[in-house]
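Order as written gives the chain letters A, B, C, D, E and F; numbering starts at 1 within each chain.
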C-alpha cells in the first residue's frame, strides 16, 4: 500500500491491523557515467513498493534527497546538510508516531545516509531519555536497513560481480535500476573499466580522486538481468527483515 | 528530463543548453475521505514530469513532505516543521546553485507550503544581502508557482465546480489525481456533500471544525475527465510561467 | 492601553475583562528619498496605539525590526533573518499565551514580514499538533492583519493615488507618517516621479533595479492631509477586524 | 537623530560624518505594583533619544523585548529566550556593520540582558576569529553600557535612595519613568515598604520569593523630581561613555 | 569523588546522601609564553578534585573547552561558539537534573565563559518559565563560581602580585598550574615584564594589541610556592561557597 | 605532548614539525556495577596520552561527554544530544584547522559516538562542498578511530574473553581502566555472570532490558593484567593507524 495513494480512512483501517510502515530513503547524487543520479532513492523505492504491494505493508513517500556532500562537484547531485536530514527524519518519525505507528522501518539506499539517520534516531530518543517519568519512554521503534546489505542481495553481488562490484556506482545498484527503468539505460563507455578505491573528504577532493564519479566499480558490468535477480532478492531480504522487526 | 533518470554527464550537457530546473514540492496529508494522502505532491509531480518530458526541461525529485501540521489529527498526514522545510529548501537551492542552475522553479501543490517556502527563499537571499561586496549578489533566481492557481486551471475549476470547488481536498485536485491514478479512485460517500469553510489553528482544532478533513469542497464531484482537462491546462500554465521565468 | 505603560496588576485586571492583545510589527528599512526608515513600524504603531487608547485594548510594544533583507544596500536598513524573526514571534506568542492571552493580533506594516510571521505561527502550532492528547491543543488564536490592506484604507489609496500608489514607499504609508510625524516630512525632489515596478532577489539586485528605493510609487504625492484620512480609516479598519477576531 | 525618522539619504549623509550609532535595548517585564512593564526599555530609550537629539547621534529603534524569563509569572512580562535574543543582536549588528557603522553602542536598561548580549557579541566575533586571513577581522566595535550604572546616575541613586534603591523595580528607574511619563504614575500602596533581596531561578521561584515583583526596592520612594535629575545625569553619563567609545 | 571513577551504584548511593555536584569548566587557550594552554581548565579541575576528595563531594568531568574566540590567533587555542557552549551546559544540566542532582555548581576558570554559561542557565530556566502549571518549576539550582574570585584567593593575589597580577595569563593562575604541574613550568623570558591592558574584539585584534598573549600580567612573577598557597586558598573558598550553595 | 601542558610557542614550534593531532573522545555513562562511569573517556585518554608522550604527538584535551542518551536511567550518566555533540566536534575541528592542523585524529572510546561524530565530519565538509571555487576545498583531514577495534586489541580480547567480552561494559575496557586506575577497582558481585545481549531504544527501554547496565559482558572477568596488555596493544594499534593517517 502506498501511503500517497490512500485516503485517510484507509490509513486508519490499516492501523487497526498493523502499526508498521516502511519509509524508503535515498539520495540524489551522481553514480558515474552510466548510473542514474536517482539510483540511491529509486532502488529502495522500487523494492519497498513491490514488497508493500505484495504483502499489504504501508509504504511512505520516498525521502529522495539525502546526505551527499561529497558528490557535489558532479552536476545534478543534491545534498541536505546532516543537520537538515536529521530534522527531516525527526519530524517524519514524530508525525508517524503520533498516528500510532510503532515500528518505522527506513529502507535505505545510500551508505552516506547511515550515520546521519542513526544520529537522528538518537536525537529522537534523547528527547525521551532526558526526562524522567512514566510518560518518558518512546513507544516507537526505529530501524534502518540497507537494501544492498541483505543476505540474498550480497550473495548475488558476490557471484555476479565479485571484486568488481565496487562501493559507489556499484554494479548491483546500477543493475537494479536498469531492470526497473530499462528506458534509462545509458550506453556509454567507461575508462578505466574498474574505478579506483579510496577515501575522500569534500566534493573537490572526491572528484580529484574519482574523476568519473565511480569508486571501485566496474559499472559497465551492470545488466538488467542481474537487476531482476536483485529485485527479487531485495524484496525477500526486506520482507524477512521487516517481519523480524515487527516482532521485536 | 527527470534528474533522477539522468547520469551526471547528461546533467552537464543539459546545463550547456539551459540553466533552469523545476522542483515539484507538495505535502503528504489527508485530503478527505476520497482524496489521496499524496494529492499535493502527486499533482505537481505529474504536471512537472509531463511538461519536462514534452519540452526537455530538467525536473528534480519531488519534495513530497511539506508543512502540514494542521492535518496531523488524521492518520497518514506527515509534516515538516516550518524551520525544517526551510532548511530543506535552502540546501536544495544551494546544491543546485553550485552546479550553475540560475533559475529554480518550485512547482507547488500545497497552499500550506507557501509562506514557509517564501521564507526559505528570503533566508537564502539574506545570506547574500547581509554581506557587502562584489561577490555578495545571489546569482540564482527562485520562484514558486502553484499549479492550482494558473489561469487555465482556474478557469476549468470555475466552470466545472464553481463554488463547490472548496479550498482543501478540492474537486480539482482530486480530479487530477483520479486522472493520473485511476486505480486509486475511492468509491466512498461524502456527507455532507459540501464541507464547511473556516479557519483553523492546530491539528485538534482543524479536525473539530472539519470532521472528515475537507474544507469547503464537494469532493464527490471530482471526476477523471475533468482531471484530464486539468492535466493539459496545468501543463500549459506551467510552461507559460516557466518560460517567462527563464526570461526574467 | 499601552502594555509598556501599565504596571502588572493593571495587566492582571485587564485580563479579567479581555484576553485580546494587539502587537504592532513592522520593519526598519529604506522607504525612498522622502519616506522614513521607520515607516513600516511607525504606521502600525500609531494606529494600534490610537485604537488601543480609544477602545481600551492592550497594545504590546512594537516589534520594530522585521524581515528586510532586500533593502540592505540602502543605508539604515536593518533585517532579521527569517529564522530569527520566527523565533522572536514564537517567544512573544508563548509569553503572552502563558498569561492567558487567547487572541493575539499582529498589526503588520510590512509586506516582507507576511510569509515569515505566518511561518512562525505554523511553527507554534506544530509544537502542539505533533503531539497527541488532551493537552495538545493550542489555546491561543493568532492572526496577522496588514494595516494597508483594510477596506477603508484601500479605498482612500485608490481614490487619492490610483495607480501611482506603488508597492514600496507607497504614497499612503508616507502620507500616514507625514500626518503622524509632521516634523519629519522630507522636502526632496523625486526623479522619476513614479518609480519602476518589478521583482527582486537580494539587496544588490534590488538597488540595481530600484535606484532610489521606491517600487512603483510616485511618493511625492504623499501629503499629511491624506495621512489624516488614512489614520482614521486605519483605526476603523483595525477595530472592525480586531473585534471580529475576538469573536472567533 | 532617530533612525526611524530619517530617510536613507540622511543616513548616508550621517555616515560621512560619523560611523557611530546607539541602539537602546531593554525588556518588557513587570516592575512591581507601581513600576511600568516597559521600564527597562523606556529608560534607555528616553535617554538615548534625548542624547541623540542634543548631539546629533544616530539612534536606532529600541529593542524593547529582552531576556526576562524570571518575570513570566507576572502578567504582561514577555521574554525572548537567550538564543533568540542573541540572534536578534547578531542580525542587527550584521545589518549595521554592512552600512559601515563601526561603533555600535547598545544602551541597556535591563540587568538580565547583560550576559546574553555579551554572548551575542562573542558569537559575532567568533565568526571572524574562526577563520584565518586578511579579511577575517571584524571591523565593527561593539559595546554595551547600562544607563543605571553610570557615575552620575549612581551618585544620585545613592544620595536619594541609599540602601532602599533595590535591585529590581528600583527607585531610580521608576523615578525616571515617572519623569518621562507623568501621566502613567501609579498611585498604589506598597507593602512591605521595602521588598526582600534574594536570588531566583525560574518564574515560579521568582514569584514565590518576591510576591509583588520588586527585589530589595522601596519603590514608593520614586518621584518624578529625582527622575528629572536622573534624566540629565543619564544623558551626561551616556555622552561621556559614547564619546570615549567612539575614540577607541 | 570523581564521577568518572565511580560505578553507577556508587552514584546512586551518593545521591541518597547528597544531591550536589561540582562541574569544573574551563578553556583551552593560550596563556602567554609561560602559561599553559590548559590553565583555565586545569585550575578549576585540580581545586575541585582536591575539594571533592577531602569532603566526599561528587565532581563531574571537566568541561575543558570553553568560549575562547579571541585567543584563536595563537596556536593551540580552541573555542566553542557561545551557542555551542550553551548547548553543552544545557545538556549536562538536564542530564544531571534527571538523576536528581538538585544543586549543580560550575567551578569556572575562564572569565570569557561567564556570560555564555549564565545565558545557558537562563535558557534552561526559560523552558520552565514559558510554561504554566504545577510541573513548570525547575527543581535544579544552578550556580557558577570563579575560582580566581574567591576571597582568600584574591587576598593572596593582591599580597603577592598587586597590580602586576594582570587579567589574562595572570600571575596567580600560572602559579597554581606551576604548583600542580611542576614538570611543565616554562623557563622563558617575558618582554616587556608586564603586558599592556586593554579591550579587544576578535582574534586578530587581540593579537595585535597583546602580541605575546598576556593582558596586564607580569607573568614571570608566577611561582609554585604561591601556587601552593593559592591551591589551599582555592579549596577553602570553594568549600565555603559550595556549602552555602547547598544550603540555599 | 599534552596540548593543555604546552605554552603557545611550543604549539607553534610543534606545527613546524607536524600538523597532526589526536583528540580523545569518549562518554560519561554507566558501565555496569563494576565499570567506571568514565570508562569510555578514560580509555582513549590514557592511550592517547601515552602514545603522545612516547612519540611526541600533540594530544588535545579529552572530550569526555558524548552521546549516551540510552544510559540516562542509570545515575551518573551524562549525554550531549547528537546535535550538540556535532556542534562541539565542528567547533573543535574549525579551531584546530585555523592553526594549520591538517590531520585531526579522534581516538574514540564509545560506540554510541560513532554515527554522531561522522555526521559532524560530514557537516564540516558540507560547508566546503556547497560552495564552488578554488578556496572551497577543506584542507583538513578528519578521522575517527576506535581504540577497542584495533587489531592487537581485538586479538587480546578474543584470546582472553572470547564470547564473554560483551558489547557494553566489556571485559576489555574494564580491564584497561583497572590497569590505569587500580585504586578504583570495584569489588562487587555480578549476577548473572554474563549479561544479556539485545537492542535498545531510549533510556527506560535500555534499563528494562539490561537491569544492571551491562550488555553481553561477563565483566567480572576483567583484570588489570589483561588491562596492561591491552594498554600496550592499544598504543601500538593507535600509533600504526595514526602514522598511516598522517601519510594519507
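Basically, a residue touches a chain if its C-beta (ideal position, glycine included) is under 8 Å from a C-beta of that chain, and two chains touch if they have at least 3 such contacts.
Owing to the predicted nature of the structure, the values given are computational and were not obtained by experimental measurement.
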{"item": "Chain pair showing more contacts of the two, A-C and A-F", "value": "A-F"}
{"item": "Homomeric contact subunit E-subunit F: same or different residue positions, threshold half", "value": "same"}
{"item": "Rotation, 0 to 180 degrees and nearest 5, that superposes subunit D on copy subunit E via CA atoms", "value": "180"}
{"item": "Remotest chain, subunit D as reference, centres from CA atoms", "value": "A"}
{"item": "Where subunit B and subunit F are represented by their mean Cα positions, the distance between them in whole Å", "value": "46"}
{"item": "Approximate Å spacing (C-alpha centroids) for the pair subunit B, subunit C", "value": "29"}
{"item": "Between subunit A and subunit D, centroid-to-centroid distance (C-alpha), Å", "value": "53"}
{"item": "Junction residues of subunit A, two or more chains touched", "value": "72, 79, 81, 83, 91, 95, 98, 130"}
{"item": "Chains grouped in pairs wherever the two touch, ordered by label", "value": "A-B, A-C, A-E, A-F, B-C, B-D, B-F, C-D, C-E, D-E, D-F, E-F"}
{"item": "Residues of subunit E that touch subunit D when the two form their complex", "value": "67, 69-70, 72-73, 79, 81-83, 86, 112, 114-116, 118-120, 122-123, 125-126, 128-130, 136-138, 140-142, 199, 201-205, 248"}
{"item": "Footprint of subunit E on subunit C - complex, ascending", "value": "91, 94-95, 98"}
{"item": "Touching residues (chain side subunit E, partner subunit C) in the complex", "value": "130-132"}
{"item": "Residue ranges of subunit F in contact with subunit E within the complex", "value": "2-12, 15, 28, 30-38, 41-42, 60-65, 72, 74-81, 83-84, 87-88, 90-92, 95-96, 98-100, 181, 184, 186, 188, 213"}
